[in-house]
Amino acid sequence: MTDQVEEALPVPFAALRPALEAVLMVADQPLDELTLATAVSYPAAEVAAALAALAAEYDDQGRGFELRNVAGGWRYYTREEFAQVVEGFVLEGQQARLTQAALETLAVVAYQQPVSRARVSAVRGVNVDGVMRTLISRGLVEEAGQDGEHGATLYRTTSYFLERIGIVSIDEL
Amino acid sequence: MTDQVEEALPVPFAALRPALEAVLMVADQPLDELTLATAVSYPAAEVAAALAALAAEYDDQGRGFELRNVAGGWRYYTREEFAQVVEGFVLEGQQARLTQAALETLAVVAYQQPVSRARVSAVRGVNVDGVMRTLISRGLVEEAGQDGEHGATLYRTTSYFLERIGIVSIDEL
Amino acid sequence: MSHDAGVSEAESPEISETGETGGGFELRLSNFEGPFDLLLSLISKHKLDVTEIALAEVTVEFIAHIKRLPDDGDLEETTSFLLVAATLLDLKAARLLPQGDVEDEEDLALLEARDLLFARLLQYRAYKQVASLMDRKLQEESRRYPRAVGLEDRFATLLPEVLIGIGLDQFAALAAKAMQPRPELQLNLQHIHAPTVSVREQGAVVMDRLRRSGTMTFRALCGDSPDTLTTVARFLSLLELFREGVVAFDQMTPLGELTVRWTGDDTVDVDDVITDEFDGALPPEEQDPSEAREKTDD
């Protein structure tokens, strides 16, 4: 686009890390490396390296927060061991724990997606209609088009699911 | 679980600073020293000293954020020299026009207010946490107390919403 | 801790005692996520691997628990338990037969059925392990809170004016559409007042039909069954008839159609072969309506 040669880097070289910190501090959702690279006008690869370095720094310094890459985006999280102290200051209440049925259904969807309800039922040996509705209403599973052959609705896990489980992609499972 | 001899301080001594960092990281408004002291179960004086030490540390390390005491409340702010980057980022993703998801969520809130987030999620069949935050940050939706029964936070539309949609009261909906 | 007899020291998380029945050990079937879950739990209770021997060992227990299927269970769920039970019985029966008595084709079909059941069990077990791993991760993750705070005022005021972009009518239509109830599964409330069904009576129906037809599919035997409970009663009566050696089962494909063959003679009386093990001490009841209806069948 623009000739980026020397001109108009909004962020001076030494300031890449703090610039990322500032942007991450105002974000209310995970930010992917491309978005961050655009915000600070740096190549994505350098941004990725800086993010990893920051995350390691927070770990080394024993900060009460950590910088994590979850569901493809970077975001500040409180560290696990301070959960008890933090709870009172968080708006959303504790997420209700998923039932065994919901967990098993989620596991099958996660590994076989996109997958039809009938297929999940066959694996679990029980009807999963109700459980699937629960998972959809909790934003963990979403529709993913139709099966070409039978026209059955297919389902997949959402990026909110990745966020909830704290991983970057489904391959990590 | 087990009786920890010295009466279970929720935060061990060495962890005072990170515990404060964790709380400040998720707090939505400035917190005074007494509130913070209560949260971490430490004397207010020690908490005040720890906060000052943290603020100095962030300055020394040239972090992109700073910890400031404004009118008696402590809060993380982005550092002044990165204001331009943050502004660019904040404005970048923001369109004047609302997304379909935001419009739908807004419609449900408008017609069911005061309403909890869980209720809106249930009606729309998807998780609405992110969209709700957007609506709040755009000034269209605000908190409206607690549900008497479950203690869930309730939401309603704002007068700014009335103004933007061009009516005087929600009765006109 | 008190020494209350009701407190079970070695209570397994999956198989718990109710302590209510004098007989003692009772599985609560409602704790299980279907037939594979129950089967795996039984196998692990006996500290066995998933092998043919294990299946044979737990067959009787598995079937014993089917009668504890909740009265309000739906037909689909009940059927899924029954189909697995049928495969287990086939396998057990085959093990009891002398080698030469088994025809090659049936033998092969049975091996196939066994392997498929193994495959499904192992698959289910794998997903169960994944589920528990996910549970751990979800729990762990729920103790970390993401930063999601409002913008600092200086940035919040920079945001452009919101453009709602649609008129009031469209806005109202959007709300109406969003609030429309999504189709829910129909709730069948008939089971709530399920009448008592007698295994003995249903056994008489089953025997009568098999005597006349020789061979019938389980589906046909239960085609007129008015409710799940009757279907279960007929299945249980078949188990008793099987135990007495007056019926045989065929199932060509795993979880496929179950065919029942009458192998007894005409002198067999229902009271001789069907005990009241399942019915308990039931008061004699009036004729089951399905029995009367049956005369006009076929």
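Note that the chains take the letters A, B and C in the order they are written out, and that residue 1 is the start of every chain.
Here is the rule we use: a residue touches a chain if its C-beta (ideal position, glycine included) is under 8 Å from a C-beta of that chain, and two chains touch if they have at least 3 such contacts.
These figures come from a predicted structure and were not determined experimentally.
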Chain separated most widely from chain A, comparing mean CA positions: C
Innermost chain by mean C-alpha position: A
Chain A and chain B, separation of their C-alpha mean positions in angstrom: 19
Centroid distance [mean C-alpha coordinates] between chain C and chain A, Å: 37
Inter-centroid spacing, chain C versus chain B (mean Cα positions, whole Å): 47
Where chain C touches two or more other chains at once, by residue number: 145-149, 151-152, 155
Where chain B touches two or more other chains at once, by residue number: 22, 25-28, 78, 86, 90, 125, 133, 137
In the complex with chain B, residue positions of chain A that touch it: 10-11, 15, 17-23, 25-29, 35, 38-40, 62-65, 76, 78-79, 81-82, 84-86, 88-93, 136-139, 142, 158, 160
Complex contacts: residues of chain C adjacent to chain A: 33-37, 74, 76-77, 80, 84, 120, 123-124, 127-128, 130-135, 137-149, 151-152, 155, 185
Of chain A, residues touching chain C in the complex: 24-30, 65-66, 68, 75-80, 83, 86, 90, 94-95, 97-98, 100-101, 103-104, 106-108, 110-111, 123-127, 129-130, 163-167, 173
Interfacial residue positions of chain C with respect to chain B in the complex: 145-152, 154-156, 158-166, 168, 171-172, 174-175, 178-179, 182
